[in-house]
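By letter and in written order, the chains are A, B, C and D; residue numbering begins at 1 in each of them.
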Amino acid sequence: MPDLASLVTHIAAEMAKAPERGRVADYIPELAKVSPAQFGMVVITADGCEVAAGDADVAFSIQSVSKIFALVEALSRDANAVWARVGREPSGSAFNSIVQLEAEGGRPRNPFINAGAIAVTDLLSAGDDPRAGVGAILRLIRQLAGDDDIAVDGAVAYSEAASGHRNAALAHFMKAHGVIAGPVEATLSSYFHQCAIDMSCRQLARAGRFLMHGGIDPASGEAVVSPERARRINALMLTCGHYDASGEFAFRVGLPAKSGVGGGILAIAPGRASIAVWSPGLSPQGNSLLGTAALEHLAGATGWNVFNP
Amino acid sequence: MPDLASLVTHIAAEMAKAPERGRVADYIPELAKVSPAQFGMVVITADGCEVAAGDADVAFSIQSVSKIFALVEALSRDANAVWARVGREPSGSAFNSIVQLEAEGGRPRNPFINAGAIAVTDLLSAGDDPRAGVGAILRLIRQLAGDDDIAVDGAVAYSEAASGHRNAALAHFMKAHGVIAGPVEATLSSYFHQCAIDMSCRQLARAGRFLMHGGIDPASGEAVVSPERARRINALMLTCGHYDASGEFAFRVGLPAKSGVGGGILAIAPGRASIAVWSPGLSPQGNSLLGTAALEHLAGATGWNVFNP
Amino acid sequence: MPDLASLVTHIAAEMAKAPERGRVADYIPELAKVSPAQFGMVVITADGCEVAAGDADVAFSIQSVSKIFALVEALSRDANAVWARVGREPSGSAFNSIVQLEAEGGRPRNPFINAGAIAVTDLLSAGDDPRAGVGAILRLIRQLAGDDDIAVDGAVAYSEAASGHRNAALAHFMKAHGVIAGPVEATLSSYFHQCAIDMSCRQLARAGRFLMHGGIDPASGEAVVSPERARRINALMLTCGHYDASGEFAFRVGLPAKSGVGGGILAIAPGRASIAVWSPGLSPQGNSLLGTAALEHLAGATGWNVFNP
Amino acid sequence: MPDLASLVTHIAAEMAKAPERGRVADYIPELAKVSPAQFGMVVITADGCEVAAGDADVAFSIQSVSKIFALVEALSRDANAVWARVGREPSGSAFNSIVQLEAEGGRPRNPFINAGAIAVTDLLSAGDDPRAGVGAILRLIRQLAGDDDIAVDGAVAYSEAASGHRNAALAHFMKAHGVIAGPVEATLSSYFHQCAIDMSCRQLARAGRFLMHGGIDPASGEAVVSPERARRINALMLTCGHYDASGEFAFRVGLPAKSGVGGGILAIAPGRASIAVWSPGLSPQGNSLLGTAALEHLAGATGWNVFNP
């Protein structure tokens, strides 16, 4: 294995000059303003070494990467309630598809597609002020990243709410089937706000460390989740973390990871590293094009691939 | 970790007395005759230690486990042709669904659902005698298992052909879309014969050893496939190996594995073990009920789970 | 043909004692309170003769029968805008299915399924006070029925809004695709209010007279729509008026008709009669069970069937 | 109403010079050879007057128009068996879609889509020589048209069989669900042969006369079917006769009609006329482009529209 710092610097340099950078998400107007020229990467190894390159400290909208933290928070409160609402299977369809919901009685296939994450969020906020759910997720993220400055970008949240009719359709459909308990508007507000959390690659890689350590946060030494839950979350990230491109990501990169349409990806090499990459241009399936390429390069060069001997 | 021999013996004893054993596949008349009382398990570790329990040497119909070997053989001949025909994504639907084919222009989502395996088989046999494809798969399996007595059960192959109208529908549908090159009847005959290969757990665990060793067959020391291909096949097994229960299997067991409706499962713990289990009773999704339970127990007790640190 | 008054009286008597009466709609709580024991029927012939039986003057919630009048009003304003938004094909799926919308880019198949009617309603109210759309439909209905007492049942409208998450899902989905122009909440409010219009069979049969007369309202002698539009609306009623049981209705009854989940049906025998029936119990597809039986009896006895020579 | 002969001549002249003629079916190689320049039309009125124009005596492949006669023959033998196998609803999908079959347990929605017609054909031939079914249909057609020269075009039948993998997929799928009783190959052979019957517009219009006369063949004065069955077949033609463009045809033309991919359409104006048109160029939904235009012109000029007063 090459020197990790050199490798990450090299990858960032390659990505900086990549001609094909994907397409910035434009269905949320506020996200469409972000320049596709950016690329950042941070790798934190099991021994605590932190390697950064590119726009590693530029904050971006984590979007669906937040689904990991919402799931952790909801499982901590009531795991049975979570799995009563959402499944654990890849969806075989787009991140915002409603067809599967109709075919399966309003039950989302997994917590990492939009419908599933909305159902999880509803568990966090039902009966409360909608802000309570976002607040809990934000507290968890700040603690894991060790940074109290992490916050919701209000303009993005507002932009998502104003343009989020597809998510509203999913939420109302689940409400019609009794999958959502609280008022749809409150649940959606909570969901849009958690998606609009801003983080840098450095903050995100730090927040993901517990997933490489069997659930233990190395900063505090305390268990965020049990070892069994940590590996199960990793399993869900591997099978469902990239929407309808999860199989391809497992084939090419071989690491549990969750992407967001803001262009961020959090990837975990269990026992080895927590990795965050960010580049705003997306593949047609909604995953960061250069982020995926960078992870493939890194996994190939380091051998960090859960399917290697 | 407990002593492996004791552990496997203990698991087999537990499975022998399990009251709920699933339902033997009955859509292939010949398979419906198999007694659900049986259970076998063989674990071969990286250092070559071989531990067996229960009906470890009883031959059973490997059915869809054969899809691994058909894929290896086809990739060896022309990997580009394989990936031009089939995808690498979980299907989100049943093992024999045709809906996805219509929605996606006749292209199967992955090589481990029936449609995908038929398309792969066609690559092996097109233009040849249909027996050529089965012959190549059988040669590969015999060599990997080190056992020239492994053979096709003609009665099962005949039974599958006589009752395989759903597979015939898939094949004709793909033929209409140009995904299958050879005569449909010949391709189906080849497919039904490869599914009807009989193997014991011991033979199957041996045949799978190369997948725990990055592609190297430990018996010969030669590369069956490259390290990259070995990990990619493992990735496909993890995301697509249990049809529409692949996510659940990854969540509970956390190992790449491929099941068949004969009740067999081949599971790989990369760098650790090649494991074969067999029990004929199936879950509603078509995977061995006790086989899955046994693997969950084994993975839990040994820590063999690709998502552990 | 028998004496019409005797025939209608006879049919009502038969229906009064029918043991199997279907199931009253229960997804709108306010409708679930209606007694299934009721049955009403009014036939108005081309020469103006009006024959009534049973609960002919009891007001009921017309629900989807209102879709006819909303369509007439929208076509009068801008027919091109209507057909740019909705198709003219039977849907092949349930009245509230969202699958078709996803498969066809948010465009409803016809104006008589919920999604299509919501899109039509949006045309009537976009940019206005939501009450403007309902007001226009109500004015049209009052004028056609010659009865200014026809009104919206506020309790039903409120009940529909509170429980109408599935319709909200349809509306948000169409909004995401640009099919709906106005605010979703306003469009839905307008839609729920038009569905909650209360009418008796007598009022409904009168309101439908123009459709048997090639568009001419016999009370005023004026054209409500052109002859071409009248026959086209009849065609839509025949192919799409009973959701996914439209084919069966055409097969058995052979008349253009539109049903509602309140248990009402307006049927047209072109050049012969305008017929309204009502009985609250529904078939599994959401159409009045006894209403359909009564129309089949009437059409059989009179020969009023558009497919007869 | 204008003089019928002048009208038909005028329509044929208009169609002869139409610049946009649609696209000749090319998925059956033998049909792809037919020149799109042709157009024929024959109208037979209730009083027996026969008006022809254009290529009225050129034989063409009737293809799916044969589904009417197969249905008549099967209903005559065992109507209960027919309706146990196929439904009476428009499909909401393409003529050769298999998605609906999977969603509905292998039961075709109606006898006028391919799957439904194959199921009907199987009823005619199961247990017999496959030629028995085609023979019965051919005898019925010859008798109705009063012409014993009508025959199957063997080259077309062969061409369909060689390229008919999509129909084979439908048939095997239904066989897997027990909807087809006989050997799939025999049923398909029978189906392909009945589709390959050659008829001219004159022969076809004659063969359809019983449907305008409540089931009575005017040539013999005998009942081919009962009045009830005649109107029900007309109802099915109206709701399902043009695949997924049936609603549009009812909207524009307003007559029961059945199209075929050979470019022929048989339309019935109950009590008025039996009409056959032919022009090989098709719309995207698989219906004759100029045939539809000609029927719309004819129905508009004559007022022959079942939805008119």
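Here, a contact is a pair of C-beta atoms (placed from the backbone, for glycine too) under 8 Å apart; a residue touches a chain by one contact, two chains touch by 3 or more.
Just so you know, these numbers come straight off a predicted model, no measurement behind them.
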item	value
Label of the chain whose CA centroid is most distant from the centroid of chain A	D
Chain pair, B-D or C-D, that carries the greater number of C-beta contacts	C-D
Whole-Å gap separating chain A and chain D, where each centre is the average of the chain's CA atoms	55
Inter-chain centre distance, chain C versus chain D - centres from mean C-alpha coordinates, in Å	32
Length of the line joining the C-alpha centres of chain B and chain D, rounded to whole Å	47
Chain B, residues touching no fewer than two other chains	none
Category of the chain touch graph - line, ring, star, complete, other	ring
Listing of all chain pairs that touch each other, if any do	A-B, A-C, B-D, C-D
Contact set on chain C toward chain D in their complex	46, 87-93, 100, 109-110, 212-214, 227, 230-232, 234-236, 238-240, 244-248, 250-251, 254, 256, 270-271, 305-309
Residue numbers on chain D that touch chain B, as the complex places them	97-99, 101-103, 165-166, 168-173, 175-176, 184
